[in-house]
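Heads up, there are several structures right after this.
You will see two complexes here that share chain A, one where it goes with chain B and one where it goes with chain C.
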Partner chain A sequence: MIDSEFDRRDFLKVLGWGGAAVALSGCGNTSIEDGKETVVSYVQAKDYVIPGVAVYFNSTCAQCDAGCSITGKIREGRVLKLEGNPESPINRGKLCGLGQASVQHHYNPDRVREPLLRKGDKGETISWEKAYGLINEKLAGVKGDEIAFLTGEMSGHQKVLLGNYMDSLGSGNHFVYEAVAPAVVRAANLKAYGVEMPRYRIDKAKVMLSFGADFLGTWVSPVHFAQQYAAFRKGVDGQRGVLIQAESKMTLTGANADRWLAVRPGTEGILALGIINALGIATGDVAELVKDYDKARVSRDTGVEPSHIDKIAAILRLRSPSLVLAGSAAEGYVHGMQNAEAINLLNHVLGNVGKTIEAPVSVPFPQLAPSKGSTASLKKLNDDLASGKYKVLFSIATNPVFTAPASYKFGDNMAKAGFKVAFAHYLDETALQADLVLPLDSEMEDWGTHVPEYLADAAQINIQQPLMERLHANTRGMGDILLALVKQRKPEEYKAFDDYYGFLRFAMLQNKNALGGAEKDDDNFWNDTLSNGIVKLSPASGALSAKADVGGIKLPAPKEADKQYPLRLIASVTSNLRDGRHTNQPWIQESPDPLTTIVWDSWVEIHPKKAAELGVVEGDIVKVTSRTGSISAQVYLFPGIHPEAVSIPIGRGHEAMGRYAKGYGVNPFSIMDAVFERETGELAMHETNVNIAKTGQRVIVVKDEGPVGGKQMGRRVAVSRSTDQVDLSKEV
Partner chain B sequence: MSVTNLLDNWAAVRHFHPIDDKPHDPYKWAMAIDLDACIGCNACAVACYAENNLPVVGREKFQHGQVMHWMRIERYWNEDDREFPDQGAEFMPMMCQQCEAAPCETVCPVGATNHTQDGLNSQIYNRCIGSRYCSANCPYKVRYFNWYDYPTTDNVWPAEMNYQLNPDVTVRGKGVMEKCTFCVQRLRAAEVTAKGEGRIVREGEVQTACQQSCPTNAISFGNLVDPESRVHKQWKAQQVDLAKDEQEKDKQEGGSDLRGYRIFEDLRAYPSVMYLERVRESAV
Partner chain C sequence: MLAGFLMAVACHAATEPLTTEDALGPQIQQPIEFPHYRHAGNRNPVDPTNSDPTKGGMEINCQYCHTYARRSLTAGIPPLQKCIGCHQNIPSVRDKPRIVELFKYWDAKKAIPWKKVHDLPDFVRFNHERHIKRFIEQQGRPVQEVCGYCHGQVKEMTTARRQKPITMGWCVSCHMKDHVVVAKGEIPEGGTPLGKQDYWYTFQKPQEKKNAEGELTAKGPNDCWLCHK
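Up next, the complex of A and B:
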């Protein structure tokens, strides 16, 4: 091998340098990578360190908030691969592609490695002591009300510690922001079932009717739901579960439906009421509500054929229990709440509540429960920032400059806060606007506890522990940072804790009996906890208080086409990219979008019929213009979209965040109108209207499907048959 | 040997895999993929990248068709020109079918690809000279050629990213062909362990990376000649015989009510992967 950029020495180390590179997680060694340690073999290695033999540690995946438990394969001190932990009732040994890719978050070459202080346009490396000192200095004389914290969903002891820090500052301004959270559905569920997020028993349902809930790809807890879905499809006695999906843009779940219905954007609630009408079993208020929603009208409004409404009503009457879901496609409108309420009403009418919709499991430690994210919180923060209310802003691992609609002018408003601290893994769009950037450990280097919003069969606390030692000497865990900051305020109360690990261990041991460790001594309990990666608990009692409330439901007639902006923009959430926080993981960039098979770029989905009308073909670069702005991207002809809508996925179009994310694709948030759901104040993500103009440029779409676009050319490749031609009871 | 005779007795002359007098013993690794369970989520494909040190080639090389995904999800639509794909898409996980009479093997000028005792179609990287005949001859197009030296290519495995590489799997250099191995490194480890304990590998003891990650358990993998294995039971229940180029059940009038099939079975490659057809409800 001639001179190469690929470092042979590194390569040897990766290949297992005869026990030399042994530096296991949690052992407190400094890294040999930073050159501080001599490469000497252990005279006697620890029992579990056998060169060439992998060891496994359990932890928790942090790529999304579903809280899947993971088992990391570690060799010679490096984490190589993540598998699902079979002991977790959430993911039962399985892990999605996004979860697998988190090793590329950990090893990402573009991570921030040193604390950076803004000096004009540049960041100057400073020490942690100086950074902490600076924060203390900037907080001096600032009232609690003038300090704001922006985070994503947070739970466990980190949330407790953040709460303690905020208390010590006298600040109650905690904004929990998730760009794609099911916040409207939560509110509608609270009305219909008495809880924000009940347990959905897909595995018990015989028929599922989902209004845009992409539960296999992106919604709430996809890996868990996918497993339930497998059981649902197997069914009972060879009677396979039937999935019907109604949405304006096909999601991964829609692509797996027995019947996919292209509904006119925003008319999901009308379709739900139409189905209640067609069922003919509703009485009282509900019957009164749906009496005008006859088939002809509903079909006209929604674009769904009357025969389909009949068939759906028939199968729902015949097979019980069923399960009806309201998803993100239904909630993204001004009347999103009414849509979701109308859909939830179907569950009441069909008698599913208590059968396939069960009371949630919750952890008997409310202080550890997750603070749930929404987009309304970002709106509030933005308004406050615009009015100059805050002098100091802490942003913890969120990227609102990328995910806020451009009309918020979030970046400009953020500048009005005098001192902005970003705790970040990368120099993303938000970190670049901060005055002080503090580099975080990856989830594979840090300690923590997590309680997911959606728990499966049992209450559980998920443990996050380092799978290897710190890659970069000057990153810190969020817990450690919070501890250091809270020590500035209350040194006496926290002096017993050297680090977050000590705090966490102390806090867990304090509740040892309640955590099921009554029989064990402290060390055994703690070791078992780390070894299992999960603490399973008996759940706090929860119950549904279900009532079929028709009071709030008033559905508007479908919107007339806007003359200037005739098409509806659906900013879609894809299972790979989600809100774009992982776009810089190359496996994610090169993992084809399941429906279009496009990689490394954004696209505009247009129905072939509409494309013919507009005179565009695949690869045409079109300018998509809304009232807020315009972006240009390549066209992809996609049959699974309503002709009145176009769709651009969110997650790409980064202007920062490193080599794998920057400059790939466009960001639909930059043209999204700031329109809000009427009752909850959530951003209505499907209320932007656009027009499309050709630019005259054309490119070759980079995608995995062949040039003919997924045709089998008459060969038996992917074969399908209908249920009346198959006997599933004979299968093993 | 006349062409007619050759074609009539194709099975006798073409079968390289152990049949009849030399049965697979003790292993024949095989797979069954349930297309009705597969949701097309790509978890398997990413798991394969992680396990097998597959390079991420980037947008430009992807456009040139140089992507290295050993496992890919093919997506098909209905072809009857309806307005909407109202029965969804069809997802099809596609990787090396580990053919028993693999078309790729016969054309390799240097014998770099050949059959193992346990029924794998193996690829010997340091014997490969890069003629790419095998890829040309593969009916499934699942062989991937290293047009570049990925370890030295910018941003494929830059510093730190290379620490993730699996030491059990070679990093391939420029000019060699590669493909799905059924995670041979895992198989060999399990086989050796079992041999040391004087037994054969038990069902469930070894999983391929794709199988392990699959959220819906659509992929089952195991020893086809072990009557206890799920794969064996599935193939048997579906009446798919490894050594046939047309299954008895398909000769019945009106076809079969079983959904097991192999892709391009009539090409007489005798693939080791059985698919189960996707099902769609007739009542809606």
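Up next, the complex of A and C:
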């Protein structure tokens, strides 16, 4: 039903006029345009360039840290489309939606194009020479300890160069920050298996029990896991794999599970111990640990029915090997480490270690291995900044002002550093606080090497190469910038390298033999490397510790409901938005959330039962208040969430960054309490309690599902005016 | 309508070069007044050295410069390098104003901003490669004749000027004609054997019987998506 004043008769009238217009323009005249456009030919064309025929180059996707290899389609010197590179064992020719959207990062109209120096509230365009000179000037007389570097996960030769630059400055303050990294799980894995990130063989498992690990959507290496998952569903020995997902808010993986269990927030560890108890196969320490976790108690604590615990135990006993995963839903609590350890213990009890949990492969060049991101590092940086420790701060493509909980007051603390340099793609919240903003090349204009944290079957170094010329003359690659900076300090050592490309080529050729190029000459090896986009290596493989360690697992009883703030806030990570660094890519904004189908806006996910209790319906604007602050957003009723929890996705609610990000939705980080995981010091993202109040406003939720979606889409466009007078940007 | 009918009748003898409706476009100012007639025009039989450009050209194959046409859907414009490749070895015309202008671009390594003469709307995909495959390679027709179906007698022009309407109706008028299906050996220049799929796929099925002149004919494709992808 479209409720508009426009009826069928009017529609036919308009159609008639439109038809007449077409007929007129077709009468004797031609729509061909003579001499209006310019056709610019090449001056000198490469042999392989044929206008209208695409060429393909391999590179590496940089939208997240999974390190998928990509093949870019390039026509007339412009990159048009990306697909996965089939040669990569990580993504095997596939690419996720986030990766597909990276062309919109490259062509984004809001990219920073010139180096900008703060002049009051404005940025003044300066030259690169002046910018480098300024950095040199500001560093003069500053002790190494007073300089801090904030980056996201970094690997490859860029990390090496950054390390060299930091050495030359005498600074050891490298803060690697990722807002949604699995840092607690890494720590728990190290304890349980002796490695931070083992290889999970989903494809070998017959049953999977995942505690909030959204491995199909956002967790670690989703494209790789999705393919393993396909093999898992096809089944080992013809037995279709069974997936059980236990979490408080349904993720994309949860939606694919055979059985989805809503657990009370924070009780994932208790459920894990309850299952060990129900299995009845544990001995010794483990049996001692779980003896109090009988079905009745576990069911009371977690909200999972006793019959379900029995069924899970039964299927885990029946089918082996299985695989148990601890994901972000389990780790986001004060006792997140305990949760994850209890879950990992299940793998030991079931004998999965060594079967579906394998030793990781690593690249035999430890200096290229990734520096792993965490939120604890940002906390440390924030504390240091607050105490005025740093005089110069370098922020490399990170946006902590957006993703730090508001109670950090990161923006204010950042201001205490005397000189702040932001290397940025957009004028995001952090770049706006900087004194000097240096524009970066997009990933499709820059050189680089990457070593992903999670390597699949083989050790590999991923090559990143420009897919096209720079769009904007004054952006620079991070590698080139670091090289220029390190040249300021050690001109003699680096004088041989004109640019980062030269450095990269030299560094790779130096290790030619170890990189499998012993039989090739330099040029052949280098050309093959660029053409493949990947260097595969014989892996250096570690061993797993097979012994279960129960020391220290002590799970708290579930929290009593807070009177003032009765609901738990789950700041959810969605597969397209992640931590919000890509929100300015309109494809990301317009692609419907996989579970709610909502586009271009944030929402507060509430269980229908809870909503009835609160008297809210879909579309009500509610005020969500925590101890830290409050935000308002539209309600979406969703049965896939525990009634004691509400969920707001992270990634939206930007106050800067660009036209497609600014002003859309709300940022749950702005109401997140600064509560930390006890052992690792990571931000406990699920420990914020909130209450909900109606504001009295109501909107139509813009989403794909249901008849309302259809109505939204057809809204008023081209009905009141003829099509050539409609300004679509205002209508839609 | 009537004109179309008459035209169809006029073109019935399919072995003749295809003739279609003319519609002369405007003369377009180009950065360099490129003399097509000098490059592609017929040789002057009286004076084979062609010392007088008004008397003849060099009969250079269209595809020598427009090399992308047989490889891609767009014909493209030859890279500047191509012009220079010959002209750096032709000192006799080096001082002519147009050539001086050409070398100015080359020395500055700047592309020449030619204006589009045949600019189809963005929702139309015309594929040069297919037409060249079909008429030049399969049927062995002369290159200038085939290019001329749409571009007119470029060999007689300086800079190209649109000669045909290039409208959809005009395209279709040719696709509706009964084209002679030629098999190997039936024409001296050779052709593709009958019955092979790679020959038929752009055609509608030929008529079962030969026409009055003893020829087997078929129509061009009439699928919307062929041009409107």
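The criterion applied here is as follows: the second predicted complex is superposed on the first by the 661 of 732 C-alpha atoms of A that agree within 3 Å, B and C clash if a C-alpha of one lies under 4 Å from a C-alpha of the other, contacts with A are read in each partner's own complex, and residues count from 1 in each chain.
By our rule, a residue touches a chain if its C-beta (ideal position, glycine included) is under 8 Å from a C-beta of that chain, and two chains touch if they have at least 3 such contacts.
Just so you know, these numbers come straight off a predicted model, no measurement behind them.
K.L.:
Looking at the overlay, does A:597 come into contact with chain B only (first), chain C only (second), both, or neither?
P.N.:
In the superposition, A:597 touches chain B alone.
K.L.:
Which partner chains sit in contact with A:538 here, chain B, chain C, both or neither? Use first/second/both/neither.
P.N.:
neither
K.L.:
With both structures placed on chain A, which of the two partners, chain B or chain C, ends up touching more residues of chain A?
P.N.:
It is B that touches the greater number of chain A residues.
K.L.:
Is A:53 contacted by the first partner chain B, the second partner chain C, both or neither?
P.N.:
After superposing on A, A:53 lies in contact with chain C but is clear of chain B.
K.L.:
Just checking: does A:527 make contact with chain B only, chain C only, both, or neither of them? Give me first, second, both or neither.
P.N.:
The answer is neither, since A:527 touches no partner chain.
K.L.:
Going by the contact definition given at the top, which residues of chain A touch chain B in one complex and chain C in the other?
P.N.:
52
K.L.:
Once bound in the complex, which stretches of chain C touch chain A?
P.N.:
Where chain C meets chain A, its residues are 23, 25-26, 28-29, 68, 71-74, 76-81, 105-106, 109-121, 162, 165-167, 169.
K.L.:
If you look only at chain B, which of its residues touch chain A in the complex?
P.N.:
35-37, 39-43, 45-47, 49-51, 56-59, 62-63, 67, 69, 72-77, 79, 83-92, 151-152, 154-155, 157-167, 171, 209, 212-218, 230, 233-234, 237-238, 255, 257-259, 261, 263-264, 275-284
K.L.:
Under the stated contact criterion, what part of chain A meets chain C in this complex?
P.N.:
Those in contact with chain C are residues 26, 30-45, 50-53.
K.L.:
Mind pulling up the chain A residues that touch chain B in the complex?
P.N.:
Result: residues 4-7, 10-11, 14-16, 52, 75-76, 78-84, 91, 93-98, 100-101, 103-104, 107-109, 216-217, 222-223, 226-227, 229-230, 233, 240, 242, 244-245, 250, 252-262, 308, 311-312, 314-315, 471, 575-576, 586-592, 594-595, 597, 599-601, 609, 639-640, 659-660, 664, 700, 702, 704-705, 709-712, 715-728, 730-732 of chain A touch chain B.
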